[in-house]
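Shared between the two complexes below is chain A, which pairs with chain B and chain C, respectively.
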Partner chain A sequence: MILVVAEHREGKLNRATLETIAAAQSAGSPVKVAVLGSGVDGVAKELAAADVAEVLTIDDAALKEYTADGFVLALEQLIGRENPERVFLPHTYQTRDFAPALAARVKRPLVTDCVAVKGNGYVRPMFQGKMQADVAVEGPHMATFQIGAFRADAMKSGGSAQVKPASVSIDASKIRQKPEAPFKEAKQAVDLSQAERIVSVGRGIKGQEHLQLAQQLAQAMGAELAASRPICDAGWLPMDRQIGSSGQTVAPKLYVALGISGAIQHLVGMKGSRTIVAINKDPEAPIFEIADYGIAGDLFEVVPAMIAELNK
Partner chain B sequence: MADRETLEVDVLIVGGGPAGMAAALRLAQLQKAKGGEPLAIAVLEKAREVGAHMLSGAVLDPSTLAELIPDFKAKGAPLATEVQRDDIYFLTRTGKFRLPITPPFFQNHGNYIISLNRFVKWLGGLVEAEGIDIFTGFPATEVLFDAATGAEQEARVAGVRTGDRGIDKHGQKKSTFEPGVDIRAKVTIFMDGVRGNLTKSLVRQLGLDENRSPQVYAIGIKELWEVPAGRTEPGRVVHTMGYPLKMEEFGGGFMYSLHDNLVSLGLVTGLDYRDPMFDPHVSFQHLKRHPLVASMLQGASLVRYGAKALPEGGWYTVPRLYAAGALIGGDAAGFMNSARLKGIHLAMRSGMLAAETAFEAIGKGDTSAAALKVYEDRVNASAIRKELYPVRNVHQAFGYGSLAGAMFTGLSLFTGGWWFRDPLPAHGGWTRIEKLTEYYKDARPDSDATVNPVKIDRQLTFDRLTGVHYSGTRHPEDQPSHLIVHDASVCATRCREEYGNPCIRFCPANVYEMVDDGTGRKKLQINASNCVHCKTCDIMDPYQIIDWVPPEGGGGPQYEGM
Partner chain C sequence: MKIAVCVKQVVTREWQLRVNDQKTWIRDQDASFELNEPDAYALEEALRLKEKHGGEVVVCSAGPARAAQVIREALARGADRAIHVESDALATADANGVAEALAAAIRDEQVDLVLTGLQSDDQGFGQVGVLLAEKLGMPHATIIMEVQKSDSGLRVKRELEGGWFQWVALPLPALLTIQSGINQLRYATLKGIMAAKKKEIRKVAAPASAQTTQRITSIYFPEKGKKTQMLPGSPADAAKELVKRLREEARAL
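Moving on, here comes the complex of A and B:
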């Protein structure tokens, strides 16, 4: 049995959870999903639509806010009771915070940042992605999955899993961390170079009011929004979202250029992207010279269709 | 906030080009010959490094160099390519006719094809070896004056103020703010290049252009190409006339073959054209598609791009060259021979003469206007006047068309430039541009389109933005625009109607754009960080409301090898 640990914030599911469920489904054996928190019925119900065996909830006031101690205490008991062969987690900041402690507590190996499941083992990148290693694990273990390695829309749904509260008791006095109210990231903190996917807009977007279209596409893809210089010059997006010679240099897995002609100043900032998709009205636009997939068309027709397809 | 610092020197040279470097070297020589307490000398240069903003064709007449540095060869002057052959072609759209003889003005025997960037870097090394400080990355933004005293009639030039650093795009001080420095000098030598921002303000404030003809400029767009091995003939100089320019337009192309399979290619066009839709950058692309040039560039790759204005007006446009505490030389003074297409040697000559004058004046303790007038007398007695006076009416004659200009130039050889009217009537170049309705009458073109479009194939032809990339231009984005349009409301209304926004065409670097303002109308957008410092907008805008001021120090092109 594979136990997937879901991640959510204030009732909103992190899409990486769906990717991790997809990973578990591809690995084959029955999948159960654990949801931790306080008042998690909504999230649990949402997850029950996935093709999984069971959704286990740990609903406790002590878990209202995330703490590493709280999660370790709760999951330690749950793993002890359910005894899954594998525990899968999305490789998020939150997972990185508690998973090592949990692995130590339950005395299981932890394989991090996996991009694929290979038999009983995993594939994970090494040397900043320059090589990939096949990792073999013996016995019960835990694994985390790189964001974007599996597709959320590849998750099989249509199941009607039972939502079952797991009887776990948490001694709140053992939680040492006292979380402060969450704060917004500093304004300059957008690090586009870390983004797995980027939706980038150029002059073809025509007006600031159309940016939300690109935003919707970015959301549907789990991508960051970025732009070429004219957009940031016009103040439609902050300067720290500018890609190119006077902005950031990025190399995401997927770069979707909307209405970007492909001035060389822009290309030097993104040509290292693994897959480049360009949508531009002008079939002669230089962006098509480096695009892997090009759509010579009106982005105002193409993008809504993409969003509709992605949201299916 | 840090207080403004003041630096006191004896001689301040503003601008580290061939004129400024020659002035600094000459001062060092005079100092050595005289001995005693050395003068404090400083050279200000806005580029990040010496030579980075230098752009020229360039064919160098080594006459001044040989006087200033007789052992220039032993000192390693970068003059690898001596001119071997001169050709002039008259081009039609697809055809070419080689002139059977090369007119004397175009004969380059004994001259060298150089990279002005390399040449000035080399000069800069010699200057620094003399212990003279070259402050790179420091543009001067203001001329400092002291009130007139004693017998002086005019305010006295006391030095310059350098630009502030660390101001954001809204004009607010950033945490890195540093105020500019006041550099005060006994003599300030203004050699800030063609349409230098300080010379421009000095000439205006003191009326130094009184009784002079207005300066007329041209814009040169140049590219450096690396061509397949064996195709070039190093030392070959080709000049073209005719296509892609109209007969009414002044200018021509050049193609110089250097060593290492490099070709220096460019088009110079007069900034006194009539057609408001004229586009120098598009014309240059047409030149590259002409068989004469295209055959050279087949399979070649673009190395660098740049543009710069040239002073074409000649002798009658040279302003008064001195004021109390100040001298003017080089391109800033207009020392360029538009018949020979050369000015580096004249710029260097004026640098030497300015240095000699400043050195003597400081020695005598008199740097008044009367004492510094000696410089103008020296220029008048020098090879500068000897060369420029006979061709004093040449550019103005081109105002009557290329044919008239060419004939007049030839005639000047025999007449010494004399004509029934002397000086020939002269107009500021920007006054000749015609309104769309005058030039095109009823066939008014769409001002957002190009009248004579060229296919951008990204092999031979490129758009402006790609050019900017190849110019190596960099400016920190978060600073105020250094192109000041005093009344941008004119752009979307009057200028659009009357001239169709010529700025979007004459700027070779895509600085000016008319973009939708969201209400279906257009508004001006200034992409200041694209600016290659050519000064064309400051010169050519029909309303004379654009001021080019220096950006934060160090910004601008990187003309390596140009």
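Moving on, here comes the complex of A and C:
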């Protein structure tokens, strides 16, 4: 049996959960889904529509706010009781926060960021997505799945799974993290999700003084300027122009990636774009995996030529 | 505050990756190496916390003999001393193996705080820090963008997805994984490099428990999922062709 741990916030299911259920269904053994929180009936009912054997709920006031300790305490007991062969989770920030501790607690290997199930093992990226590896793991284990590796709409539904409360008791005094309410930083000045075209820059731009070149290209194309995380970390562009898992998610008509290697954290924020152009010196850069048009070359030579052509 | 900061030596981002004959790892005998960039942010945060609150920064690394390069680098940037868990097997060990090795180095040090980077640029498990917290019996918080010391311990700013953040309080000793970009990195000065030569690097043997529980059976370059049209030729020719295709084929301009 495969146990999938669902993720939700304030009653809203994270779609990555559906992708993880699809991954579990494709692995070919019975699937159960665990939902943790306080007041999770709605989410549990929604999940019961999936083609799964059972939806197990752990409804406890101590789980109202997510904490790593709370989730580890609850899931340690559930895994002990259900004894699933595999535990599947979406590779989200929340999973990354508690799953390794849970794995150590239940003494199981954890294979992270998987993009496919291959026999008894998994396929996962290495070297920032430039390579992939087949990974073998023995015995009961846990695995997390990269966002987008499986499709939520590939999840088989039409089931009428029973929703069953799991009897798990949580000693709230053992939760060491005391969380405050989540918040968003200052209002976003630019809503890149509405842009028709985006020119986005990465490490390959090398220096803040070269942003002008990207700006000129954006102007010639009628595009907004955006960036990958390292550019905003360096303070070259404000944070509200950052595309990726910690920034904005966009799907414009045209996305031009300049000197962006294509780390998964960036790709999840833009791979829904209709036409993707990648210009990068490194022909092995993962950005070329998802590009429609690619130029393996020096952006400092290609971009001025593009600007000249566009302005003709 | 006595702070342990964990660093890993990884191949440089610029190095052209090549697969070994067994297709189980890269040909790292030919590679050049550097400090894992996410760990550099953890080191910088440790140095800043020490400057603010006093104490000591102990850099810990689990890796083969060549990892001494990044240990020296960390000492040159300002760490006080180092512990090197040395074993050739650690070059390709999984997260559990690395966490066991680091736990062996840190367990008897009685530190107040352990900092790690978010993940490594090579295997990218993103789990060593949290595994280590559990093995050391410490509470943890991950993907941290700010660290404040309070009377009862720490108050830290966690990054959530989609632009959300959250403050979390936790008691000491604790472990934090640091988000890249939390601070501006400093680089080693000549004075720092000279001073590093006199700093202690204690070598520790890897414990028997530092075993790998997941094994790479094959490593390869991924097949392209999408039909990418690579436009060849000189920069000018490629740029001209690209603009034409974007106008006529993709109708994106």
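Everything below uses one rule, namely that the second predicted complex is superposed on the first by the 184 of 312 C-alpha atoms of A that agree within 3 Å, B and C clash if a C-alpha of one lies under 4 Å from a C-alpha of the other, contacts with A are read in each partner's own complex, and residues count from 1 in each chain.
Keep in mind that, in the parts below, a residue touches a chain if its C-beta (ideal position, glycine included) is under 8 Å from a C-beta of that chain, and two chains touch if they have at least 3 such contacts.
Please read these numbers as outputs of a predicted model, since none were measured by experiment.
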Chain B versus chain C as contact partner of A:K178, first or second or both or neither: second
First, second, both or neither for A:D233, with chain B first and chain C second: both
Contacts of A:E10 with chain B and chain C, given as first, second, both or neither: neither
Which superposed partner A:G207 touches (first chain B, second chain C, both, neither): first
First (chain B), second (chain C), both or neither touched by A:D41: neither
Residues of chain A touched, compared between chain B and chain C (which is higher): C
First (chain B), second (chain C), both or neither touched by A:D191: neither
Partner chain(s) touched by A:S246 [first = chain B, second = chain C, both, neither]: both
Touching partner for A:E301 - first (chain B), second (chain C), both, neither: second
Overlapping contact positions on chain A, where the chain C interface meets the chain B interface: 230, 233-234, 245-246, 286, 289
Chain A contact footprint on chain B (complex, rising order): 458, 463, 465-466, 468-469, 474, 477-478, 515-516, 518, 525, 527, 529
Contact footprint of chain C on chain A as seen in their complex: 67-69, 72, 92-94, 96-101, 103-105, 109-113, 121, 125-138, 141, 176-185, 188, 197, 221, 229-230, 232-234, 245-249, 253-254, 274-275, 277-278, 284, 286, 288-298, 301-303, 305-306, 308-310
Residue ranges of chain C touching chain A (in the complex, touch as defined): 11, 13, 16-17, 19, 26, 94-96, 99, 121-131, 133-135, 139-143, 158-171, 180-181, 213-222, 224-226, 228-231, 235-236, 238-240, 242-243, 245-246, 250, 252-253
Chain A residues touching chain B - in the complex, by the definition given at the top: 206-208, 230, 233-234, 239, 245-246, 263-265, 268, 286, 289
